Structures are given as C-alpha cells and as structure tokens.
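Here it is, the structure in full.
We call the chains A, B and C, going by the order they appear; numbering starts again at 1 in every chain.
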Amino acid sequence: MTARQIMTADEIRRALVRISHEVVERHGGTADLALVGVQRRGVPLATRLALDIAEHEGVTVPVGALDITFYRDDLSLVAHQPIVKGTDLPFDPNGLTLVIVDDVLYTGRTVRAAMDALMDFGRPRAIRLAVLIDRGHRELPIRADHVGKNVPTSREEVIRVHLLEVDGDDQVEIDRLGAEVALA
Amino acid sequence: MSLSADPQAPPISSGAEPATDALVDRGWRHRHLLDVAGLDEPDLDLVMRTADEMRGILARPIPKVPALRGISVTILFYEASTRTRVSFEVAAKNLSADVVNIAAASSSVAKGESLIDTVRTVEALGADVLVMRHGRSGASDLAARVFSGHVVNGGDGWHAHPTQALLDLYTLRDHLPDGDLHGRKIVIVGDILHSRVARSNIWSLTTAGADLWLCGPATLLRGFEPLAAALPASRRLTVTTSIDAALAGADAVMALRLQQERMSGGLLPSLREYAARYQLNAARMVGAAPDAIVLHPGPMNEGVEIASDLAAGGRSVITEQVANGVAVRMAVLYLLTGGRTTETADG
Amino acid sequence: MVAAVGEVVASLALERVWLVDPAAGREGVAALRIEDGRIAALAWLPEDTGPTPTTLVLPGLTDLHVHAREPGDEDAETVATAMAAAAHGGFTCICLMPNTRPPIDTAAAVGQLRAAATASQTPIRVEIIAAITAGRAGAGLAPMAELADAGAVAFSDDGAPVGDAALMRHALAYAGALARPIVEHAEDRALTDGAEMHDGVAATILGLRGWPAAAEAAAVARAIAILEEVARAAPADAAPRLHLTHLSTGAAADLVRAAKATGLAVTCDVTPHHLVMHDGWVAGDRRWAWQAIADPWAGGPTEALPYDTATRVNPPLRPPADAAALAAALRDGTIDAIATDHAPHTDVAKDVEYGDAANGISGLETALGQLLAAVDAGVLDLPTVVRALTVGPDRVLGSAGAGLVVGAPADLVVVDRAGSWLVDATSLRTLGHNTPLLGRDLPGRVLMTLAAGRWAWIAGGETR
C-alpha cells in the first residue's frame, strides 16, 4: 500500500467549520446565499457546510446538487464510474450568490463546467468556490475562494477523498496513480 | 429530490441507492445502435438511466446542454416519417449537436446513387453520427460497414427499430411497479409479420424479463411460433391468434398499425374483419389488469387497430411515448458519441 | 518444370499418389506417368505400406452448371475467365448455362460461345446448354433440334422455371426425341415473389422476406408428375429425361428418391454451398452446416457481419437439417451430381442493400475445398464426392470420358490434400469475388489440372 493519509476525520471537520465561517464572513451574512455541491462528493460537503452555518448563524442556507457530466470538455473524460445522480437546484439562482462546493480542485475544468451549467439555469449575482483540497496544476484561470487544505501534488499522484455519506468513513489519502484498485 | 428547510433533515437525497464504488458499470461499448438484440440487461439499464438524466434536462427552462457540441449528426431517411425524424432532430439539437437532414424520396437504386456512395458522401461532409431509416432490412448494417462514425438505425425494413423499442421500454418502466418488467405480461397486437417495432421489442422486452405475447391473425404471425420455440427458455415469448387469451391479465398492451397494403397482398380479407376481431378497445381491455396501459408506436389508424376513445383515454400512454422518445434518443446519441455519465475524480 | 497453360504435357511423373477413380470403382496408392499428353503408365500399389500419400489424383472434374455471363455481362465474367477459374478449381469440363444477354437460343449463339471457348487460353472442354424456350421467355419452344445439331448437350431456362406446365410437358417430349435432358430450375414463383432468404427462424429474426421450402418441393413435384405423364405416352425412341438442378431441400430430395424408385428417368444435382453452408450464414454465422445442426443460429453473436450479400443465392441457403438431408441423398445415390451453379457478379451488383443484391455465389474455385471440408468432417466420403463430380455428371449428359487408362489423353487433377489456400482477390481467377468464403482458408490446394493431355492449371508456375 502506497497510500498515505493526509487528513483525518477531525481535520476534515475542523476545515469545514472554518470554511463555513469564511463563507458567511465573505458574503457578509446569509441572505441571498446558496450552496451548490458538485456531484458526487461535493454534495455531502455542501450539506455539511449548510448544517455548520445553521449552527453558528441559526439560518439554513439552501443546498443544491449539480451534475456537470453534460458540460465536460473531452479532456476530462474519466474511465468507468458509477452513474451520477443528477441535478437538483431547489431555488431560483437569479440574483443569488452561489458557492460551488467540491472535494478536490485540480485542473479547474470541473468548476468551469459547473459555471456553464449554472448559467443555463439563470443569472446568479456572483459565483464563489469552496473546496476541501486544492492540489494545484490548474489548466484554467480558476481560483478557490475557500480551501480546506492546500496539498502540493505531482501528476503521478491521486487524491482520494472519503466521506461518510458516500464511502463510509471520513479521511483524505494521497496515493500513486496506478496503485489504486478501486477508482475513487 | 429536494432539501427540506429542516436542518435535522437527512442530507440531500440523490434519488438512487447510496451507491458505492462497487457499483461500477461498464459504460457503453457499442459503436453503433443497429439493433436491440445485441444489448444485454446492463446495456438497457444504462440507456434507461441516461434517459432519466435527459428527461431531467428536458424539464428545465432551457432544455439544452453542450454535451454534443461540435458533433455533426446527419439524419438520412429513405422512408417518409415525420415523428421519428423530428424526434431525432430535437434530440440532437438539445445536446447542441449540428444537424443535417436529408430526406431521400426513394430507394438508392431508384435514385441512381447507391447507398454506399450516399453514405460516403455524408461522411465526406463531416458527419460524426448517421441516423438512418430505410425500407430494406439490413440497410443500416450496410451503412455501418462503410461509415467511420456512429450509425443509429432509425428503422430498416421489417428488421429493427431500436430507439422505438428503447422508448417503449422506458415508458413501460415508468408505469410498472418498481420499474421492473420481470414477469409482467406484455402484449403486442397487430401486423407482427411486417413490424420492425415488434421484432425489436421481442429482444428488449424478453431481455428485461417480461412475459411477452404476440397476437394477431395467423397470416400476420407466420414464422413467430418457430422463433419462440428456438429462443432460450429465459426469453418468454408466446404466440397466439386469440385476442382474449392474449389480453387476459395483461399489464401492458401495444397496438401496431395495420396497413391497407396487407389487403392487396391477400393476407387479410378486409380491415373491417381485422377490427372486428383484433381492435383494441375499452370492451376488450376489461380482461386486462385493472391498471393496464396501452401503447402505440404511431401513427395510428384510429378505428382500425385501436379505438379512438382508448387511444385518448386514461390507460393510454401514447403521448408519453412521444416525449420519452426525445429523451431516449438524446441518451442514445450521448452514449454512442462516447459520453459517459461519470463523476469527476479530478477537479 | 517449366510449362505453359495450353501446351501438351511433355512429361509428368506422379510417383506415389492417392488415386481416386470412380469409373474403375477404385481408390488407393498409385503411380502414374504421362508422356506426350497421354497416360503412359498407371500402376496401383496395393502392397504399399508407407504413410498415406497427401497428394491426391482425381479424374478431371465436370461441372454441369456454370454461368459465364458472356454475352452481355462480361464485367462479371467471360468465357475465358470462367474457363481459367474452372481449371483452378480442378474442372476439365464445364457446361455453360444460356441465361446470357441475349440468351443462347439460336445455333449462331451456340457457335459464338464455342468460338469464345476455343479462343481462350485454357484447354478445358466446354459444353453448351441451350434455352428451352425462345428468348427464355417461357412462351414457345426454342429451336431445340437446331440447337442440338449445333452442339447443345441439354436445355434449360435456368434462372427461371418453365412457368407454363403445358409448355414444360411439350419441352420434355420434344427434347426426349433429341436424347437431351431438360434441366429444370424448380421454383414456384408465386411463393417466392420478393423473397430474399430461406423462410425460417433466421429470416424472421433478420426481417427478410422468406423463400419457403415449399416453393421448391411444389415445383419438383410438378415436374416429376409431368415427366411421368410424358414418359407414359412418349414414343419408345423419345424417352424424356428430366434433370433437376441445384436442389436445396431435403423435401425435394425425398421426392426424387421416390420418383427414382418407380423407375422414372429423373436426375438431379446439388451445389457445394448447399451442402456446407446454411441460412445462419445470412445472419453472420460461419459454422459449417454439420457444426450448426445441433444448435442452429437463433439470435446471438456471430463470427461475421449479418446481411452479407455474398450469401444471397437462388435457391437460398437452407437450414442445417436440409444440408444434412442433401448429404445423405448424395451418399445413397439419390443425388447424381454436384454442380457449382457458378454465378459470378460484379461488386456493383452485390454492394447494395440485401434485398436489391443479385442472386448468386461464385463457386468454381471453392467447390473442391468446401467438399474436402465435408470429407474432413466425415459428412461425405471422398469417393462419393469424386463420383458426383465425374461419373455422375457424365451419366446425366450421356457422355463418358476415356477415363484414367493407359493410352488415354491425360485428363486429371492433382491436389495437395494436406495443404490449404486462402480465398481472396489475389488467388481467385474468376472475376466474380462474390463468395462468403472470401478471407477463409479452404482445405486442399489444386497443384495441376491436365485437360485432354494439355496443361490447364499449374499452381504457382503458371505462365500465360
């Protein structure tokens, strides 16, 4: 096993609490704010952030789920994966500040696709980005507003985020590409 | 799929079982869609799930995604057909593909240009996907031999109409409990002999586990009894000339269009006799399951194979079939051109 | 050895070969020597206890049914290319069918074909089958006596049956007086209108218009009944003879067996492709008939692509059970001959939708290989196959060659039984590449064909 743990469950929890504070601070409140989790693991992360915000602000911010599959460009094709669950935005995005939530920020193409998708639903006032891990190697001019942990990586490495809701446990691992058995 | 305002509420439900990484699906492995006979249950399932996605897109204010941007789809129909042709065109455009429509009025032989030459021309003009309908069985197989892109069979002779079978399956899953066809009695009534819709449905419905019945006058059922006998036991196919036996307890009934030409071929004495013995109407449907649904691939000869009130009534899902056709064709175009519904591992 | 096609065989020694001579009723190890075009020596070696030789020697084969497409469709084949293909296939005699454009229904037309044969490079024997009806139109008789005088050995409207039963009756009677057989293409056209492949499970699945076996059985029964009637009433010196060509169904073979049992002068032939292929080939199955018989194709993946127009033929490929019945009929003598029904077509005629493709399989060069595959599988034995390609056709035509005897002109074919050859555009001599065997290896390789003492085919060393 060449995998190495880089975030424990507690570290994830603390990072999310910090991000939840930052989001509200940056926005100056919770009015006209919504979180949009990118399928798959961005969704439970967004839900947890909403719960954290509710705890310290007493307000529940709406959470949506976004499937960006139909907006990918060719270069980000990934081999066989479970089929995704779809898009559900239970709010009108017009005039809102949307915070895109995802687990890992890498080339930036997913976020670009997410922005394209959101634009098809309406005209948000602003779009921000919160990620658990930023691993570098951006191919597009995209920057996260809120980062759980910066992890410099090489292209031969892969980041695996485990979340209770999806994987049964909470942790983040880094491993060598090709050493994996199950795809993340 | 929605989040309640209650912070104690469970996290957002994705509508599917909590999927783990173990639920890997193979993805789509077929270059063409010429036939449903070559699709197994996982393939059918993938199309159904992708069509669900597409139906979600169709429900949006802007029912369009850029998934097939830059892909050129040529629709080449040698037989007149408005609904299927338009359905494919709408499907392609909803995925942001570029669409070229060619309506060849007659067979290539009569026209003077061979099918192979026409396909080569279409390819030279940049088509990535060729959607074809033709009066000869095997025509799309021939096109697939010479076309370097992807071929979708929009109907070839009596042989196959895969997207129709897929949208029929999709519609049935919407209405049957748990979307499960296993053990459900599904009946197709009409001119089975000349029907590519029937032939394709035989494969898709028996693959999905249905108990399929074919019913019609003996002259229009020729050859299907030996076919039923030759199929493996896992494919349940019954052939009968008795409409009452067919409809008894049926969960879904599909009527096929009966064409006037059959009379001149000596296959039937008259449309009147056919309607008297085989027309789907409310009276006959009494023997079917209480919530049995009625399908028809269209266009309908109301008053012949189906009574108008049944076609428009509560059991009918015919208009849904049309809407589902767009979603299913979007799914097919998406899967063929290499799209996979995946999750990003990278960001 | 350096030799050219057409030249007299100066000298050839075949030391230790497996000789099959149905006329002598014998097969075994033998040695032959040919000098100056004649068999100088022939010795059977029964004391030979060495390993079975892998070189086969057979009498030159006869093909009763060849379409040479000349005049009218020389793009598909000419008399010359058909003769070259025949020699490659081991045939030293071929019979040309008259459904050319225009058809062979005058003495002049017969003469032209003879001239084309003489002018070709290949020294094999060519016989002409002339039309039964004028213009093959099925309305009135062709000038049969004139045609017989010009050299026609039989009459046929092949490609079509003689639709009018009354005219068929007259034709049988008239040709009987000329001691020539009527070669009937037995097909009830009312049942085959628009048909594309055999009417069975494969057709139902593929959505192709079916060609019912009944169309052949009904036509064969009719022809036999008419023959019986004509035979009953004919003058003693004008006994009618009926030859049913390219039978494809067990039912038809049963009818012939019963007719022969009553002493009727009916003969019949079967094609190699109806013995070894089956209707599953239209769907892309490539198992031989004997491999598929226990489990005929009924949906599911296949080796080749479906709707290969090279499988479209009249009569159509039938289910494996029919192929087996035909093989049995060959073994019990019901079927007299194997004839290829060599039907070359241009790519233009075949590279179209299945239902629009011309009917026909190009078969002169692949006949022996297909039959040897059947022999290898134990479905047929070699002497039966060779008899059906030599003695059998000779009897149908009422002719007989000199045979493999000392002093006779050398008319034989030498086959490398252990070898094989790849059927492809470079190896075929026919212009018609329309065979579903393209790209396949067939057992047995023809090394030499000698026709009436001359070189007709030399593998690898041929000069033109």
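Here is the rule we go by: a contact is a pair of C-beta atoms (placed from the backbone, for glycine too) under 8 Å apart; a residue touches a chain by one contact, two chains touch by 3 or more.
Remember, it's a predicted structure, so these values are computed and weren't measured experimentally.
Novice: Which chains touch each other through the most C-beta pairs?
Specialist: Per chain pair, the contact count peaks at A-B.
Novice: Based on mean C-alpha positions, which chain is nearest the centroid of every protein C-alpha shown?
Specialist: Ranked by how close its C-alpha centre lies to the overall one, first comes B.
Novice: Measuring from the mean C-alpha position of chain A to the mean C-alpha position of chain B, what distance in angstrom results?
Specialist: That pair's centroid distance is 38 Å.
Novice: Mind checking the centre-to-centre distance between chain B and chain C? Centres are C-alpha means, answer in whole Å.
Specialist: Measuring from centre to centre gives 46 Å for this pair.
Novice: Counting only Cα atoms for the centres, state how far chain A is from chain C in Å.
Specialist: Centre separation, chain A to chain C: 74 Å.
Novice: List the residues on chain B that touch chain A in their complex, please.
Specialist: 1-3, 5-7, 11-12, 14-16, 18-27, 46, 49-50, 52-53, 56-57, 60-62, 64-67, 95, 334, 338-347
Novice: Can you check the complex and tell me which residues of chain A touch chain B?
Specialist: Touching chain B: residues 37-40, 43-44, 46-48, 50-51, 54, 60, 62-65, 67-72, 76-88, 90, 102-111, 116-117, 120-122, 131, 135, 158, 165-168, 182-184 of chain A.
Novice: Any idea which chain B residues touch chain C in the complex?
Specialist: For chain B paired with chain C, touching residues are 37-38, 107-109, 114-116, 134, 136-139, 141-142, 145, 156-160, 196, 199, 203, 223-224, 226-227, 230-231.
Novice: If you look only at chain C, which of its residues touch chain B in the complex?
Specialist: Checking each residue of chain C against chain B gives 196, 199-201, 203-210, 296, 298-299, 301, 305-307, 348, 351-356.
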